[in-house]
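Below, chain A partners chain B and then partners chain C, in two separate complexes.
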Partner chain A sequence: MAEIPDRISPLDGLFEPGDFGAVTNSPGVEYSQRLCGALVQVQAWPGTTGKVEAVLKQVLGLPVPKARLAHMKDETILMSTGPGRWLVDDEMEGLEEKLRKALPSDLGALTGLTHARVVISVSGEKAEWVLSSGIAMDFHVNAFPGGGVQLGHHHEIGVTIHRLGANHFELYAFTSLAHGLWHWLTHAGAEVGYRVT
Partner chain B sequence: MKITCPYCGERDHREFTYRGDATAIRPSIDNTSLDDHQAFVYDRKNTAGTHRELWNHTSGCRTHVVVVRDTVSHEIFSCEPVGPFAKQLARNVAKLKGAGA
Partner chain C sequence: MSGFRLKAAETGGKALHFTFDGKSFVGREGDTLASALMANGVSIVGRSFKYHRPRGIFTAGSEEPSALVTLRSGGRHEPNVRATEIELYEGLEARSQNRWPSVRFDLMAVNQLAGKAFSAGFYYKTFMGPRRAGHKATQFWYFCEQFIRRAAGLGKGATSADPDTYSRMNAWCDVLVIGAGAAGIAAAGRAASAGARVIMCDERARGGGSLTGAPELLDGQPAAEWASDAMEELAELDNVTILTRTTVQSMFDGDTYLAVERVNDHRDEPKRHQPRQRAWTIRAASTVIATGAIERPIVFAGNDRPGVMLADAARRYAVEYGVAPGRAVAVFTNNDTGWLAARDMARAGVIVSAIVDVRADVQDDVRKAGEESRAEIFLGAAITGTRGWQELQGAHVRDFHEVSNTLGGKKRFIGCDCIAVSGGWSPAFHLTSQQGGKPQWDAELQAFLPGEASANWFGAGAMAGKFGLRNAFRTGEEAAVRALTQAGFGEGESSVPVIEGDAIDYAPAPVLEINSPGKSFVDLQHDVTADDVRLAHREGFVSVEHLKRYTTLGMATDQGKTSNVTGLAIMAQTRDMSIPEVGTTRFRPPYTPVALATLAGEQYGHLSTVRRTPMHDWHVANGAHMYANGPWLRPESYNAPGETVEQAYIREARKVRESVGLVDVSTLGKIDVQGPDAAEFLNRIYSNGFAKLPVGKARYGLMLREDGFLFDDGTTWRLDEHRFLMTTTTAGAGHVMEHLEYHRDVVWPDLKVALTSVSDEWAGVAVAGPKSRQVLAACVTKCDVSNEALPFMGVRTGEIVGIPVWIARLSFSGEMAYEVYCGANWGQALWDALMAAGEKHDIVPYGLEALSTLRIEKGHVAGPELNGRTTPGDLGLQGMVSSKKNFVGAVLNNRPAMQAEDRLQLVAIRSIDGQRIIGGSHLVKGTKDEPGLSEGHTTSTCFSPALNAYISLALLERGRARFGEKMYATNPVRDSHVAVEVINPHMVDPKGARMHG
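Here is the complex of A and B:
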């Protein structure tokens, strides 16, 4: 396999630390970004879902989450993103190769997305309010509880949202469209004040 | 207009892509009639009223669904999963209804 190039954030140069917008005592929302060590999509074939779940459990040491949920352990996040489909986020590089060895292609398909997504963390008292202003889905904790995963979009920019807690979300955004999403987040956060860290 | 995806729950229709008339049946590959193939590709009834149609949740879980919709009022009567994961998704629909999503 060819050597993987260094990871470069599409938001480098735009992500300027500081307080912006209507910050009085404390910002309503805080933004930060991170790049995954490894991000892999796993798709089972029809009829192999159970076998793929067993492989994921064995390799990751995590129980496989039910629909629209995520499980976390140490620096690994396993998210259920569709029927027979999961997204695995790991801080350590090499996850893709480990999964490829354990998961033969007759059980499912692996897609490496490490360089295709950037993760934007949105947290703070107004995080839900900010996201609700531009993403048409029900963010109420009853519909989207902590530990939940939802896929949606903001004006055609697809985004996978992992809710870590009541006021903390991680947005997995396409690197090629991350500029647009970030632009919106800065405008949406300005009204309540936002801090970039 | 809101469509209840069998995996993701109720979502705005802009997350979905219209994939066409679900009542149109592709002619058999052995059928060499150009008229039959022409009818499958082009002829539509353009129903004013209840209509079965295919949608794909392109901005979500990418599941194909059959939506029964009133083309006049846009009221949606049902949304059922189709394809190889349909049975798995049907079980999820029951859970979504139980959760009130």
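Here is the complex of A and C:
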């Protein structure tokens, strides 16, 4: 049996570690990227939300978050992305099959998006400033608290944003558009200085 | 005007060197270009638009109509920048505009001799002529036009690329405060004290507004110091963001504002990594508009000479910049503020030679201010004309009766090189006007006020017609309280300072023009005179909107900030009406000119949105010329060295027909359709049946719009009982998704169907050609790809080099072909594996052009045929329109007109004599000279290696009944007229043996 090739991130070749832009003592933002082991979208039908939540709780061992919030445990992030809709990010592969077994199609739908997104981490004192420069979203902690999830876009590039802390965000970027989003982040980050790790 | 640096300011600030028209000067830190030029005695800064009259500095702010200069050079060359706003920096390079050879000696000033010809409506009278060919008068004007256009104008645009970057910022706040003068500071302070998120913007480099030069004491402190301290205190608050050098340009629906921050315009070039300007989009829960008021002139003969300027501007140059606007300044006013300007200038060391007031009398404290200035006082008098040419030498004064608006007495000459004019104040409500706020006339203030709020804004200070510092602080706080309530906050705390100083009446006498012989300019920027306004009236332009367009009054870069009300006053007098009866025009955004680059921001060039497939880098590395297909970049062809695109695509297409080729189809739209009702949903969406599509099979489907026309096509694969993968055209994916979501959410909300775009999840590769099965068989595991196990339109899973794949046996090319999909992150590995497997068959990658050639040869339709105006019947696909079920577009597709025999129908044409058929050609029966009516047109054109001829798909009236007919494909624009034969569009393998084999 052939060994499965490594997955290639759409940003490979662009991510050059180092400090760039107006870095003096420390950079305003730090960027890193990762591929999800598994990324699955779960959708309930009208009237089945409670049952789907129970399945998610049972399979993931996580309480289901309220609207626009995420819960994390170990290597799993469960994000509420809309009424009766969730995104599950798991570091381990095989989540889609596990959930598909537990969730019959009369309760809801599962869509694998593991290859459809690349996750870009944006952290640092100027993270909010950099993101605000391209994404029309109120990033103030009162409007978008830690643990929050928002769907936004940078021009035509849709992006799901998970705020992990005051100055730490993860952007779930579309694979085909990640190149453009990354270029924008480097452009926007240059003013405050950015570090790629 | 012979301005100079006042003694007291001679040593203040760092010296800064700059050039104007190539001549070197020295200014001081804190100067604007205008104040620095004035300090160096430069009086002529530019030439006027039409007449090329010498023009000087008229204001001290963004309302400047005259002192427009070109700044910097090369890619940073920028015309029409207001000298009054340019902060001086070391090495600044500025040039005057609209003159030849120099600003002091401009040969184009000869235009003044033809003054009558250049009157109102000149443009319309001159350039509106018959366009008939050979018409001599028209030809003459076309000849003249180029010279006339060259003679007029406002600077020249840059011709080289701008090296700077521009940025954007999105911001939200509870209270937006526009203007950091007294009212703005009061509002921001009050709003901040309630805990609201506050953004305060001001167009100047420092906040304070009129406080920076005000003579009053605030809490015992000089006003400027108090303002500086107050701004610092605000800046230290966590909930306050202060944006200076930031002009709020536009107010939009939903309490959204566009503000432009001039981040680096006060430097010779932007700091490294910083943008030149930043466009802020601010969404405010509520807004306090404290934009102040703009002083306006009184119109009189010769009022455009360099040296005539607004009184408050003259005062500011003296008090704030330490520059005397002239050796002897005469003040001409219809209100008290002119007197205070005279007094403040005198206090700063300026010689004020005269105060001329149209009013017969003034209050004692105002008279006292005049006495302090030691000027000669003329009450009940008016300036009727000026003397001088390039320099103002003096003014003629006569008695004036303000009620009857008549002149009397003897003309008297007063020597002066600066006339500081005040005709009252116009509140700056441009933003509210942009949103449709209807201004209301205040007869006492002789000014329009902003009127009722049309959005969540509250006016404060002079903008709301509340003049004076006491009013500014009071109304600033009042507006803040209302804004806080609107935003859901408490009232906050008051902190109005104790104010010691003037308390004057801002109401002017209703005199805005002194009607005397000579050119009296209303709009300095567009050279519109009082006579032009009257001429427009005589020629029948009675609407204020028509007046504006006919005379161009209030147009151009200043948008009539200093001229609108005076123009209206003259119009009102001419029509024997009141100003409010005449009405006013609506201000348009932006408030001041904005560079297009600032609006474009980073969505330009390499930062514009582009979608790339996982194999993009491979394509580029292997000679692909990438081509935009919607937002995607796709290989057009893989050109060998020295090969043209045509040679390359012919080679690639030929190889596919002979052996095998590989094409990246990752760009196809892919939609995951899931749920218990997914099959029923698709059955309603597509015109052909999908309810009974077996699992493991794909079907080509047609989608119609509600109006019965074709919308999109593609194959949909049934992956399991309740799960389908729909593919769409590359460019149509977004529209199809919207179409599906609309019908799912609005039309059939009872269906349990989930729709998710998975275009980015899957990389797709089509393997096409007679050897395609052998290529797959060499690399696929866990899947039998034989004809029996994987028949035409079959869908199976398998593995290639361990990568899980979906394989669908589909053909766009007409050859035996397969589409292989895998997770996008493995796309390159899949491509490499297929290329390796096909090596012994000389597999070639092929691009869009070859893909298109193959499908044209086969007669398969694509985007050019699905053009929004064709029906299934037009394209020979009526058999795919079910008559047994209902679907989107079914009813309207059955209209008689949609089924008419004389509609344009899909055919192919073939060049008879080997000439190339040009895309976009029309099908005609006539010769090149007399082609006759178009009976159809080409849609997709190529050279066919299979037919060894130029061919094209085309839409032709009654086309299917005309196979064998000889016609011409004509394209007069490209000088092409090609003899063609109409043929069946299924040109290659019409029975499908190749793809079914």
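Couple of notes before you dig in:
Throughout what follows, the second predicted complex is superposed on the first by the 191 of 197 C-alpha atoms of A that agree within 3 Å, B and C clash if a C-alpha of one lies under 4 Å from a C-alpha of the other, contacts with A are read in each partner's own complex, and residues count from 1 in each chain.
Simple rule for what comes next: contacts are C-beta pairs under 8 Å (C-beta built on N, C-alpha and C of every residue); 3 or more make two chains touch, one makes a residue touch a chain.
Since this is a predicted model, take the numbers as computed values, not measurements.
Shared-chain residue A:H187: touches chain C; no touch with chain B. Touch criterion met: A:R117 reaches chain C, while chain B stays clear of it. In the superposition on chain A, A:L177 contacts chain C only, with no contact to chain B. Touched residues of chain A were counted for both chain B and chain C, and C has more of them.
Contact with neither chain B nor chain C is seen for A:E16 once the two complexes are overlaid on the shared chain.
Of the two partner chains placed by the overlay, only chain C lies in contact with A:A109; chain B stays clear of it. In the superposed pair of complexes, A:A136 makes contact with chain B and with chain C alike. Once the two complexes are overlaid on the shared chain, A:L35 sits against chain C while remaining clear of chain B. Common to the chain B and chain C interfaces on chain A are residues 45-46, 136-138, 143, 156. Chain contact summary for the complex, chain A toward chain B: residues 45-47, 49, 67-68, 81-85, 136-138, 142-143, 150-153, 156, 158. Within the complex, the chain C residues that touch chain A are 165, 167-172, 197, 272-275, 281, 283, 602-603, 606-614, 617, 631-632, 666, 672, 674-676, 721-723, 749, 752, 754, 756, 758-763, 781, 799, 801-803, 823-829.
Looking at the complex, you find that chain A touches chain C at residues 1-5, 7-10, 13, 21-22, 35, 41, 43, 45-46, 105-106, 108-117, 129, 132-138, 140, 143, 155-157, 174-177, 179-180, 183-184, 187-188, 190-191, 193.
Looking at the complex, you find that chain B touches chain A at residues 7-12, 14-15, 59-63, 81, 84-85, 88-89, 92, 95, 99-101.
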